[in-house]
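Take a look at the structures listed below.
Two complexes, one shared chain (chain A), two partners (chain B, chain C).
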Partner chain A sequence: MTEILVFAGIPILVLVLLSLLGATWNIEEDASEDAEEGFRQRWPSDRETAVCIRRIFSPQDREFVERQGSDRLRQIYRAERTRVALYWVRRTSREIGQIMRDHRMASRGSANLQVGRELGLALRWLEFRLICGMLIVLIRLFGPHALKDLATQALEVSKSIGRVLVDSAPANRIAAAGTPGGA
Partner chain B sequence: MLISALCWFGLFLEAAVLVCGRRAHLISRFPIFYSYLFFVLVQDVARLVALKWYPQHHELYANLYWTTQFVSLALGSAVLVEIYRLGLREFPGTAKMARNILGAAFIGIYIKAILTIQPDSPYWISGAFVKLERDLRAVQSLAILILIILFLWYAIPLGRNLGGIFLGYSLFVSMSVIQLSIVSHYWHKAEPMWAIVQPGVYVATLGFWAFALWAADDISEKSRNKKAAVDYETLANSTGTLLDDARERLGSTVRP
Partner chain C sequence: MNEFAKFGGLQSAYDDLLRRTLAGIPSDLARLIYLASTRDYNSGAYHHEGLSVRHRPGEARDALQTAHRDIFYKLAAMSLEEMVDELELYVRVSREQTTGLLRAWQELEPYRVAVPMEVDPTIVRLFLSNIRLALEVLKHRRLQHQGLPSSASPLPSLGR
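Entry: the complex of A and B
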């Protein structure tokens, strides 16, 4: 059965991909001569964006809305912030897709292409797409603050573990020193 | 009756594709593909003659079938090399990638074959050509799969002629592997259906080739107007930095 799956799986995958190739075989895409310049222009205000993003995902606005004590306001805030967060993640994902597309268009004609590095970039792109997909799912399910809450909680847990370890270190030393003749 | 009609129609289409190729001056552009197709036409005629005029000589047909089958398989692999060579001629970066990935895949298959082949197994004693053909076709389909992924990833414009040859041949190889793996396991159940499906798919492939190779496309002229290639080191550094930046921005959403 495994044999059939392997032998039949490859051609079936070939057929699926062929349909995609058939749709694009006549499309000529230009290699960008000044790809690097194009990349740089795509995100002109990186610092401003970073500030906005921190704001979208920050807990301060949520805390302010929570303090108002209105369920309706809370709902509106959550829906609006979720939409903005989803829009931002999708846009980032699209931009990364565009970066990789430009990279591929430029690298396909490059005689000194390094295969290992190219595969590494492709894997990083894949990882990035997976992270974006996960973020979209998590934002949809738990809202835009879920990840930060989770990370904050994890940090607090690790800090408390650290504190416990620090506090218990002298006690352990005392106990260890006292054990031989303690009984 | 239907099977016979499909066979005769297939012969007609093979001849038609060859004639169209000559008329559109495509034979000099794709010499290996047209040699392959010419061989398949001769092979089909020879098999038909052996089947119709010498039906009592079973061994003659079997020998002719398997000999020509493996020659056409070897020629088909040469067609893939021609597709790789012509399709990636203007794209040395993708060509290098394809060489490396195909090389790694073939080395892997070779090592696996050496490790798993048992000299005294029935595979070699009885000369089970069906299994051997299935394995060789599976290797071909793996090579096709790698080429398709690279063509899609790097958006290689194959054009109507080369794209048509590639799509048609890939369709044919894929259906052959499915037939040789699935159908050979459930032959008694699948035989009536497959006896029509197989020649049907082959005729469809030939029809596809006839359509795609009716006239020459202008993809080669377009390809000559390519811009100068960029330095890969600079390009990879730039892309890496941008990916890092984007990752950093995504990370800022999670960091407490």
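Entry: the complex of A and C
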């Protein structure tokens, strides 16, 4: 019984920790970045951003640096790319977190809340946070290049959350406006 | 109709800018720096004397801003190898001493002011990071070419 609890408990604990990591690791480190840049919001599905993310995680630049034959360059390259990759993960996590908070506030006044869709959204949100947590840990451990697929998946999940929320926003607003005490 | 005319005016100013001014500048990095120099440091507003004479001031301003962003995104999407080539070309046509230019760029980071406003912050980070890396690559190549012992000499391998 104890073994079962241990075997079942450890993965759950790891998942919860990763989820929390995806949402909170950035708080202390990103305070200055927030002050520096504010929230210049642009939707992550912009074509330029997608090209940029692929570039961060692409091995092409690493191969070019390898060809230069300098360990110092390799180290600088890895440090630079890791920094950019971590920044992207934290920023994306923060932006989607803000969108989810806004959605939660809007949903409170909604009269036609669809439980199935909200549940699906919550699961996607949990998946997204897990992916972000894993990305942060793995980028720190192995560098960004081993993670292209996971980063692409995070981008896709963040887009799908955005699509669901964009589709549901007008309905929620109308419902909330028609509800006593609604916005 | 008005909207179409407005768009047509902006397109005309943009084409004019590309054809008359930017086509004469030999590299995208130099174009980026040129376009950034047409922006007022205090207000962030763009101004180009010739373009404003030939087009409405608003259209000229928007054309400069659009061109600035386009060139920036083009550079940010480049591979590191392409960025190194861009920087090498920029150094060559700048008529400055290569060593001095590389040193000034590494210490002062003047390329930071070449970033347009209201662009994605992740792309800004990637662009700045690529410039820093390209500078390191050029410095490394230069020292190798001169046969000098450099800080780019092999270090003990880490985890390899």
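Basically, the second predicted complex is superposed on the first by the 103 of 183 C-alpha atoms of A that agree within 3 Å, B and C clash if a C-alpha of one lies under 4 Å from a C-alpha of the other, contacts with A are read in each partner's own complex, and residues count from 1 in each chain.
Quick note on the criterion: a residue touches a chain if its C-beta (ideal position, glycine included) is under 8 Å from a C-beta of that chain, and two chains touch if they have at least 3 such contacts.
Since the model is a prediction, treat every value here as computed from it, not as a measurement.
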item	value
Which of chain B and chain C A:Phe128 touches, first, second, both or neither	first
Touching partner for A:Leu73 - first (chain B), second (chain C), both, neither	second
Touched partner set for A:Ile99, first chain B, second chain C, both or neither	first
Greater chain A contact set [chain C / chain B]	B
Residues on chain A lying within both footprints (that of chain B and that of chain C)	46, 49, 53, 56
Chain A - residues contacting chain C, complex	37, 40, 42, 46, 48-49, 51-53, 55-56, 60-61, 64-65, 68, 70-73, 75-77, 80-81, 83-84, 87-88, 91
Chain B-facing residues of chain A, complex	3-4, 7-8, 10-15, 17-18, 20-22, 24-31, 33, 35-36, 39, 43, 46, 49-50, 53-54, 56-57, 85, 89, 92, 95-96, 99-101, 103-115, 117-118, 121-122, 124-125, 128, 131-132, 135, 144, 147-148, 150-152, 155
Parts of chain B lying in touch with chain A, wherever the complex brings them together	90-94, 96-97, 100-101, 134, 138, 141-142, 144-145, 148-149, 151-160, 163, 166-167, 170-171, 173-175, 177-178, 180-182, 185, 219, 222, 226-236, 238-240, 242-243, 245-247, 249-250, 252-256
Chain A-facing residues of chain C, complex	73, 76-77, 79-81, 118-123, 125-126, 129, 132-133, 136-137, 140-141, 151-158
